[in-house]
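The chains carry the letters A, B and C, assigned in the order they are written, with residues numbered from 1 in each.
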């Protein structure tokens, strides 16, 4: 039941990459080189469909909605009546195309009062999904083109493109899904693609370890998510995101809060929620628990503290993969999901989200300051930027967070692809021996400079506007809740550090002259010559053109003015994209008031500090360079080594989680040997002692002698004796002991 | 005490037992063929001939099950009364559908057995597999404790022997021996519990026990049940031990890893799938149907007792199984611990069904979800064991590392195995996911009186399924991320088709589970509502033998 | 229906004692044959229960059906015989591999 033809358009956009994947996998041997063309063609057609969909949405929704005009009239048929009902108070429902089917009906319960266990599938395309589609397909198409050159000559070239197609399918499906259940399915699928692609060069053991780490860390988050989904399902009885959102946006508890959040002093308070026409209730504490659970899944996927450890390692995969999956799209899925489920999160959970984001962005930024591997700099930078987005969502800046998601996708993809281009030329990720690549790789240098300017938040580049929006939301929140001033300090200092480490990287890579391995005091990697940049040259057109093309949105998508016919009169400095997003927000946006000008001032200030420090420390010109980074590092001392070692997270996890788990695993198998056998042998000793009496009556002399010896050994105790498992009698002893213990348990209760 | 003379057996009822009869006779035929016409032929040729003949058994069962569909309703035992032979055996949808499942598993196990020469005595071996299947079918259908016990023994005695069938391998003989001794002790405990139950209720019929318990509860005017009933509690516990052994539930699991590792892979598969399947169904029949009135005595969740004991066993089973599986290097041993863990998950479902039963409503949804889980688990686990058979044939050993590089050499089968592993972890869109989801949602939906216990168990199960991802992922890593010089060679047909079939089932029921869920639910509903055939009116009212007081000094009637 | 002068509880106590002795034997004996015998003892303890319960029951209710305790006992005896046969076969097999009938020696599978 699709309510608009555009819905089918998007279904096609999702399914085409899947079809491409199937064709490629079946013809893995047959097509070889052509697989790249199939994959690229598929994603390009998805891009075209998304563009058509975007245009159609733009027209159908009546052009650019005015951000603060309440009661905008959607002229197209609104799909979900529940959504319409929920938005009826004050706001018309934003346009959304949806189609819902029942995938699996596990049958109505045998009793009439039971709800049927049906698993719905469906798509829902709203403004956010339209934008996400365009972003994902656009970047993915460019990355496909880029990969054709980057992966050339790889023995598993066809397989790479097959995986990419599978990923595109999963990611687009994740964006389009209307039900929690389907979101979870695609959520796992993107995880599997990520696993396959991180471990793509599995010959190197560290790569397959990184893949496993990513997989496992994500599963930890997913447990929380499953618990959250289970709770929601039992309480609300639906899997439909729009229904859940509509129901929860209308909860009366929002009235009492200045920021429009669900707050309650009493954890036992029960909210009545209208779900698809029936009233259901959910206690506040379950709502909090469900929110935390779902957020846990997002923490894993979006590499937030404390589960951020997998993302830097995940950069072991090919660089186009890092750009597409681990920078632009998949890792942003956690942020996307928090945005999708926004009305679900109560005030407490939002605070947790904000602080998680704040801590993450700060931690990751400090680590990125000192990395000597430029891909790692970008990796930690990604973690940090994702933290910005989470923080924005947590402080109520829904549009700001998702705006940053979109701008970040473009500039971070650009930066990663640029890094890949550099690696393609010099075959190392180490910053120290490199330098002066600007002359040899002008296009890469220029486009990466654009990316750097954007991520640092230089005005007129997209990153400035989105970061500005985040700071504005944070300032607004802090002005309402002065106790949470940290939520402003963290992003402000994080933004300064961002500008610093990005310029540091750019200076070290592209300016000055090549330092060479020996000058950096290092041994060349993989038997390279001393100067890795000696033979460097600009990459081919299939690498440079995607860079050039990506540079355009990197600059432009944040602009207040676009080429589209707009109705943004009166707001000359307000980014179009953000307005577009806030018109689609599940909850009405809070007016920010004076926070915006404060935010602009703050972001300029931190930019000057960050960039200034980077110039002072790393600019090639001696006259500008005043700070010696090495001495700075020495001054920082312990802090420096803390950053270099990523705050020792891996070590701590190794000591606190991994080793104990392995130890328990080994122990559990050997419990028989160590613990149970000890007990058993003690008991067996008694048994045997008794049995000597019995044996004295029967059996041969030899038997008695043997058992006497065994008895002696037992009586002397299993202490210090190397015990073997696998003995039947000890198994039976466990059985008997267990039976006796269970009996005691039962009898105590029975006799009671 | 002269038993009232029962009506003669209606032989048309035997139609409903035709699968069992067919397999029994066919086992004899296989034995005779092996010692008769094939005498003196080399082992491998007899393996192929007898194995192919043996496959006719399950195929015949399918034909018998499908025959009524073809012939139209009423052609076979179209009796409205679902019980047969004085109500001792059920001919309900549960029995029919599980006959089909068991025949399918049997066919897969026979296929795997034909992979390599691990014994000389092929006739005996295949006959034992078939007769074990007979035991399972009767066990699923049993409505009476004697039949149940006999079926249990028939099944396990065949499996004891089959486990020891690998020639020249010490570990196989050891596996059989351990399985036998442990199993016999568990059987004895079970039988003792059974005898106490008989003494308490005066009947061995499941529905009869239920009626007596309901009536005695009504007579005492209490909530009924176990409180104060020392002997009853002991009987339940003894029966639980017996079933705990069959299910390999902690702490009655210790035979399982040794036996699974030592026995030939097809036999391990048969023990892990068919035996576990049939035993769990029987356990559910006894707990949910016969002993359901006693579940009422448990009271609130703080009341402890039965519910808490099953909960503790379930929690311990899944946790221990998963943790121990982490440290395993041998594929079969890993699968053994994995099967222990899955038994734990299923016990959570059984517990939910029990909690629902005691609230008076029908627990068919929860029980149906457990049955669904059970079927999916059995199919996938047999497929996984087929991989072990493949390794044993090609390399003579079956460690996880021996799977290295199969993703390159046999990509098709490796993908199928990967699907099976994903299903065992419970990842969408496989059937393993849907079955876990359905079961745990039913658990969460169960009667509210024990919700916090059940919620905790579900959370623990989820944590455990995460842990399980670690060791299943090791198989995936071996398949796809590692290289090796040693290869087990191409998979024989007997190994490849069970793997492919299991993978197809895992994907197919993942995408379209509704038919299976529906049939499992109706099977569960049949299981919970089955009653004795109407009794002749001239018989007197029931009389429990002994109202045995707590003290154990049983004041006896004269 | 009376059972003579001996009260039912005596039979039950006797059966329990036999069962306990059997269990003790299984746990204490290392000789596989002795273990087998102990298992038999446990099975027969259950038989005593069954027969005693049957003998002392008043009258069969409709639930009792045609299968009474004594029939159960007869079937259990046959099952026990089958178990012994299988057990002896397995013991012989193990004896051939290890040259010992000591169940503690069969410990190659562990962990």
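Here is the rule we go by: a contact is a pair of C-beta atoms (placed from the backbone, for glycine too) under 8 Å apart; a residue touches a chain by one contact, two chains touch by 3 or more.
A quick note: this is a predicted structure, and the numbers were derived from the prediction, not measured.
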Centroid-based (C-alpha) most distant chain relative to chain C: A
Interface with more contacting C-beta pairs, comparing A-B to A-C: A-B
Distance from chain C to chain B - Cα centre to Cα centre, in angstrom: 24
Averaged-CA centre spacing for the pair chain B and chain A, given as whole angstrom: 41
Inter-centroid spacing, chain C versus chain A (mean Cα positions, whole Å): 60
Touching two or more other chains - residues of chain A: 669-670, 672, 726, 728, 732
Junction residues of chain B, two or more chains touched: 177-178, 181, 185, 189, 258, 327-328
Residues of chain C engaged with two or more neighbouring chains: 23, 26, 103, 106-111
Of chain A, residues touching chain B in the complex: 28, 103-107, 109-111, 114, 117, 119, 184-185, 188-189, 192, 196, 199, 202-203, 208, 211-212, 215-216, 219-220, 222-223, 226-227, 230, 233-234, 661-662, 664-666, 668-672, 726, 728, 731-732, 734-735, 737-739, 742-743, 745-747, 749-752
Chain C partner contacts - residues on chain B that touch it in the complex: 1, 3-4, 6, 86-88, 144-146, 149-150, 153, 157, 160-161, 164, 170-171, 173-178, 180-181, 184-185, 187-189, 191-192, 194-196, 198-199, 201-205, 207-209, 211-212, 257-258, 261-262, 327-328, 333, 532, 535-536, 539-543, 545-546, 553-558
Interface residues, chain A side, partner chain C - complex: 669-670, 672-673, 684, 687-688, 690-691, 694, 699, 703, 707, 710, 724-729, 732-733, 736
Chain B residues within the chain A interface of the complex: 177-178, 181-182, 185-186, 189, 226-230, 233-234, 236-238, 240-241, 245, 251-252, 254-255, 258, 303-306, 308-309, 320, 323-328, 337, 361-362, 364-365, 411, 427-429, 434, 437-438, 440-442, 444-445, 458-459, 462-463, 466-467, 469-470, 473, 477, 480-483, 511-514, 517-518, 521, 525, 550
Interfacial residue positions of chain C with respect to chain A in the complex: 23-24, 26-31, 103-104, 106-111
